[in-house]
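Heads up, there are several structures right after this.
Two complexes come next, and they have one chain in common, chain A, joined by chain B in the first and chain C in the second.
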Partner chain A sequence: MMHYDVIVIGMGLAGLMAAKTAAEGGKSVLLLGKGVGRAHMHTGCIDLLGYYPSGSSVSVENPFEFIGRLIEERPNHPYARVGIPDIRMALTSFLGLFDGQDYTYFSQGKKNTVTLTPAGCTRTTYLLPSTMAWGGIEDERDVLIVGFDGLKDFYSAYMAQNLNSLGKEGRLSFKARPISLPLSKFSARKTAPALVLARFFEEEGFRDRIGEAVRAELREEERVAFPAVLGVERSGKVRKELEEKLGTTVFEIPTLPPSVPGYRLFQAFKRHLQRNGVTVVMGFAVTEALLRNGTCSGVTVTCPPLQRTYSAEMFILATGSFFGGGLEAKGDRAVEPIFGLPVHQPASRDTWFGDRFFSDDPHPIAEFGVLVDERLNPIDEEGRAVVRNLHVAGSILSGSDPLREKSGGGIALSTGYKAGKGEFH
Partner chain B sequence: MTKESVRIEDKTDLCIRCATCMEFCPVLKVTDRFPGPKQAGPGGQRFRGEEVPPVDRCVDLCIGCSMCELVCTSGVDIYRLNLMTKVKYYDEHGIPLRDRILANFNRWMGRMPWATSLVNTMSRVPLMRGILDRLFGVDKRRPLPDLQTPTFRQWFTRRPETHGISPEPSANGRVGYFYGCFTNVGEVDVGKSVIGVLEHNGIQVTVPEQDCCGIPMLGGGDLESARSLAQKNLLSLKAAIDSGMDIVYSSSTCGYMIRHEYADLFGLPGAEEISEKTYDICEYLMSLHEKKLLKRPSEIRARLAYFSPCHVRAMGVGLPALELLKLIPGIQVELIDEGCCGLGGLYGYKKEKYEISMEIGKDLADQLFELKPDAVVTDCEGCRLQIRHLTGIKVVHPIQVLLDAYLEK
Partner chain C sequence: MEMRTQVVIIGGGITGAGIARDLAQRGIEFILMEKGGLANGASGRNHGYLHSGARYTVNDPHAARECIQENRILKKIAPGCIEDTGGLFVSLPEDNRGFRNQFLKSCEEVEIPTRCLTPFQALELEPNLSPDITGAIEVPDGAIDPFLLVFANIEEAGRYGEEILTHTAVNRLIQSRDRITGVEASNIETGEPFTVGADFVINAAGAWADRVARLAGLSLPLEVSKGSMLVSNRRVSHRVIHRCRPPSDGDIVVPNHTVSILGTTSINTGELEKLSVEPGEVSFLIDEASKMLPSLKGARFIRAYAGVRPLFKSDSGGDSRELSRGFVLLDHELRDGVKNFITITGGKLVTFRLMAQRTVDLICEKMGREIPCKTHITPLEKLTRGGKGRGEYLKGLGQEAERGDAEIICDCELITRGELEQALAGLSLKGLREILHRTRLGKGTCQGAFCSYRLLGMLHAMGKAGAMDSNSQLKGFLEERWRGVRPVLWGDQLREHQFIEEIYLGILNLDKAK
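Take a look at the complex of A and B:
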């Protein structure tokens, strides 16, 4: 039986962050994920707190100010469990992943950024990849939006039309104009997923041909938006070279998932973890936890036909919510399948959802999850410890509604960080 | 009906179409002739059935790296779906003669060492390669391995000496070594190094009767040949285990087949027991290290790049070779964990796939050219052949590095 100081279960943002923090604390770490983790499903931006209270129609300008309020008003919220100092430390640690690289993350000081979506709407976020700089709504310069015939996850015409209707409502002060380049004219392929197209952009020849074609289409625009496919490993350089070629600002817009910025984020984490000696085992589900007297001694991974048991001093559960598989809906109960932790939820299934899917009212199911104490140890409804050497992080935690709050990334990073620091009882 | 009573047997339905697998597919990365794992696997599955003749030949372009399955968070067995579709296709259309010969080539050569020099000479004659290329579709740009005599098995059964290191009394256990066809005829030195390292650590090694593990046939869609080889190997491996041995392998590809597919795909009786007692050589040595039984290697100075093969990833044991290399003082090792090398076993030998194979390997080659290591280290013979062909850099098995460190005075 292989033994580690810490075993992290889950390879999304929270699990990656927990593994990083534990490894940097000198622990031997095993990171287990049944798949690659859901970082790929996200835009690559890190939301901290976009709306508070969560149903509010006006977005938050300074997230830390509102997190302070939230901590006072909602003591069961994951942010209240972590506290502002550790939230800040978590973000600093995350930014450290990109130290000295040409692809980094930035925020506008302490403020949120309102940025553009591929649907031509706006969204509020906190940390953005450097390739998305100048894509905020405050910028008044007109935008040329470049799409590709053959890239199925980004439609420039759709985006431009929606942005221009926002403009007519007076909510934006720039105009958008779409073009779409046929991929087959620039490569041997008719279609390509986003990551393949991103790899093309790493080639100088391809980049030059695209640059020429876009420059020929430019009119008055001083900004050019591309889908987030500007390179994989050298995105900073790709973007800079396109800017030089076009003589305009160039920035990326997130695409539909799976997203290239999500892939870059995952790769940055994975490389950092492997350099720090973390063992990464992907592709197999943890099917059982060995529990005795409220302590976990090991977890079993099923790798057919074998069952392998790994032991550790401390465990971190970061398996996500329903989407990631950390919570499962079984008939009329939501359960946590590995440790069988108590899941905070209403008594009856009738109250899981609001009446309408697209409603301004919250769906109670969004706040389902595992209850924890201030050390992120799981507790039951009466506040009693359940598994002493287990910490819980990420969207499996109860007490927040990340979709409405726009807080998912911040919760994942900060709870992952705190769990990885590992405060024992 | 309670919801708990519903069991999803067909894992296709678990697919949520998130397309994460499409990001990681090495074939889709370089060609749009392959629709990608999502479309070919759970997507295409909706149009297939027992009675429906298989039409989707494109699945033949799947290289079999299983990355799609490993990254899938929903637990869809995408690689397996594609493999079984390939099997069904070839069942209906017949296995091409070329594929049968290629799959058996190293296996046959192991049995007729007398023919080695003739085959070596012929495989270097451009006219021969031209004929093979034109008539059989074995791409002439792909170098054929240099076959060696005596074979590993011949060496082992005849040897009086033990590779420069005198054997310790077998204090630490006995193992049966599954060397595999390619070690036997193409990289005898890997086999010798395994014996050298194990004996140096007080392990007594025998080589059980063995045939090809069956993975070259399986990869070409020939399920039945693979199954009969599996049955054959199971008998001798079981006998070895029953006599108190563990089984070790140095080829991650053979190892994956024996450890996982014999039980999980073929469901052969007794296969699970074999799985439980079969170990990757580096994994086995690391477990000795954990028990403080592994001898300390001497210092050797080298800058290495370790490339993680697909089948090592698919075994779910982490990267034991990398851990092992890190135990050697003076070794500086950079991990390259970027997916498939592009060879895919016999895939890269086939004329219609050679270019895809080389294109997949391009990113890896570029990284290695940038890194300029003294040598590349990897557990899989396929990866070693491909990296040599792509870069010309020296490529070795991790066990050869460890033996060098033991031989260093």
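Take a look at the complex of A and C:
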């Protein structure tokens, strides 16, 4: 049996961050995950706190100020378990992943940035990849939005029309104009998913041809927006070269998933972890925890016909909510399938959801999850420890509504960081 | 604004659509008014089941005869929206053998062909059937796409905005002595009122027929019963599977393209607009259907929905299943002394053409003209051309993919951009919902989560979006979708739902969009 100091289960941001922190703390770390993780399904931005309370329609300008309020008002929220100092440390540690690189992350000081979505509305986030730097709505320069016939998850005309109607309402002060380039004119393919298109952009010839075509379409615009497909490994360079060619600033707008910026983020973590000696085993689901007297000695991964057990001193569970598989909804009950941890939830299935999909009140199910103490050790409803050498991080935790608060990235990084630091009883 | 026409049809379900086509064929002018979109009521909320009539032979041989006759006609005139699956009435050990024998005998009397199968033969045809079945009877049932059927009738009948007025409320029937001289209506979106003078008014409002009759000061003994249905994410049988017992709740599973539809409950209701499916109905339908098809027990369900059946009350009253499933044509001249007002209600999807024929025959009689009906011998053009099978379709898709041309917009139902562009090309836009009903878009496992955004994107790219507020359309669609998916959110369907939330709330931020 392979033995480690720490086994982290889950390939999302929380698991990646936990593995990074534990490895940097000198621990031997095994990271296990059944798939590529949630980062690929999001924008690539790190949301910290966009709205508080979650149903509010006015976005938060200074997230730390509101996190302070949230911690006072909602003691069971994951942020309250972590505390502001560790949230800051987690973000600093995250930014360290990109030290010395031309693709990096930034924020506008302590403030949130309001940026653009592929539906042509705005969204509030905290850390942005440098390729999205010039996409904020405070910038008043007009934008040419470039789409591709053949990329089905990004539509420049749709975006532009909606942005321009926001402009008419006085909520933006720039104009957007769409163009759509037929992919078949620039490559042998008529259609390509985002990641394939991103690889095309790594080729100088393709990039040049696109640059020429866009320059020919430019009028007064000083900004050019592309879907988030500007390269995979060398995005900083790709964007810079396009800027030089066009003589404008160039920025990316997220697409529907899978997300290229999410992929870049995952790769940055993976490279860093492997350099730091973390064993990364992907594609195997953890099916069982070996528990005895409230302590875990190992976990079993199964991928028929293979079955294998790994042992460790401590474990970190960051398997996500329902989407990630960290929680499972049986007909009338939500369960945590690996450790069998208690899941905080209402008594009856009738109250899992609200009547309306878009509702200011959170759907109760959003707050389902594992209860933890201030060390992120799992506890039951009475506050008793359940598994002593286990920490829990990320969206499997109860007490938040990350999609409406726009807090998922911050919760994942900060709880992952704290779990990876490993304070145990 | 004032208009004048020969006939005003109230109701844009299959009955109204069939009448419109029949009138158009016989050269009679009409205007059809519908308060929602087309196929908004029971026509768009049913199993998509093409009755052979077998289900009614025991209790209602008259309705059964109409069904089998129309079943044969529709298979000829509209093959493009029908899948000629056949059906099996299966018996379980607890089912009464007496009913089975009676069923066979009455099918023979009504001349519905049957074939008796041993359990072994039935399982060979339908391996998902319970191994406990004691026998099965094969009948000529089928599956039908009700949306395509409504749209095909409408498209042959008239043009949007001229003869076909959707999202139009009928506010008043203008009466003068023993006649209705016209209709006061208004456009629901703009509020703009207008009147239409008419020689005849046809009430084809389905479950809403009583409300329309009240506008003429009349009332109809109409009972409305809610039926809930459940859609599984894969197709569990080739044929329609029935329980061979007296009609009751949860006794049918209809294959429909790539999914199966479990039906149905029957609950009397006064509510017509906001129908919800209760959790108890969902578990009941799964329990009952899985007695016939046990693999449904652990299946993934993608949607639940409910429709309202209008049932014309006989004097005896009683259980709504006892009421006639046949149709009722009311000449209000004879019944109430209103000379030019006709109500057509009840009936089945499969008998819509016959209902239209009888209605238009009555109008011709009142006009004193003799124009023969041709709807039973004229194919529905749209539905005879596009009738290539799924196998052919997939073969074509494979070839497109090899050429690198196939851009699949709907990953669940394999609908390509080319196919969608073709569907959108000749279409005047009537909102997202109507477009979705014209294709299989939004009917697969993800229930439109990916493709509704893509569809809007394509509309913009094609310059067909006009001044449409796409994000409101998208939000409206997701809100309606929510009513259907909410009752079935557990297991994998809940996982997918969280992904969908991630897209619309996390990435697009639509929850915060005005």
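Annotations for the structure displayed:
Definition applied: the second predicted complex is superposed on the first by the 425 of 425 C-alpha atoms of A that agree within 3 Å, B and C clash if a C-alpha of one lies under 4 Å from a C-alpha of the other, contacts with A are read in each partner's own complex, and residues count from 1 in each chain.
Following the convention adopted for this analysis, a contact is a pair of C-beta atoms (placed from the backbone, for glycine too) under 8 Å apart; a residue touches a chain by one contact, two chains touch by 3 or more.
Predicted, not measured: the structure shown is a model, and the values here were computed from it.
Applying the stated contact rule after C-alpha superposition, one finds that A:C303 touches chain B and leaves chain C untouched.
Contact with chain C, but none with chain B, is seen for A:T43 once the two complexes are overlaid on the shared chain. For chain A, the partner that touches more of its residues is C, with chain B and chain C as the two candidates.
Contact with neither chain B nor chain C is seen for A:F106 once the two complexes are overlaid on the shared chain. Within the superposed three-chain model, A:P258 lies in touch with chain B and out of touch with chain C [touch as defined at top]. Touch criterion met: A:K270 reaches chain B, while chain C stays clear of it.
Of the two partner chains, chain B is the only one that A:G283 touches; chain C does not reach it. Of the two partner chains placed around the shared chain by superposition, chain B and chain C are both touched by A:G331. Judged by the touch definition given at the top, the superposed model places A:F206 against neither chain B nor chain C. Judged by the touch definition given at the top, the superposed model places A:F64 against neither chain B nor chain C. Common to the chain B and chain C contact sets on chain A are residues 41, 189-191, 257, 325, 330-331. For chain A in complex with chain C, the residues that touch the partner chain are 41-43, 51, 57, 59, 117-124, 147, 149-150, 152-158, 161-162, 165, 169, 180, 188-191, 254, 256-257, 321-323, 325, 328-332, 349-350, 352-353, 356-358, 365, 403-404, 406, 408.
Per the touch definition, chain C reaches chain A in the complex via residues 279, 283, 404-409, 417, 450, 453-454, 456-461, 463, 465, 469-471, 474-475, 478-479, 481-482, 486, 489-491, 494-499, 501-503, 505-514. Partner chain B is touched in their complex by these residues of chain A: 2-3, 30, 33-38, 40-41, 189-196, 199, 257-258, 263, 270, 274-275, 279-285, 301, 303-306, 308, 324-325, 330-331. Across the complex, chain A is touched by residues 2-4, 18-20, 22-24, 28-29, 31-32, 36, 69-75, 259-260, 263-264, 271-272, 275-276, 290, 313-319, 323, 335, 337, 363 of chain B.
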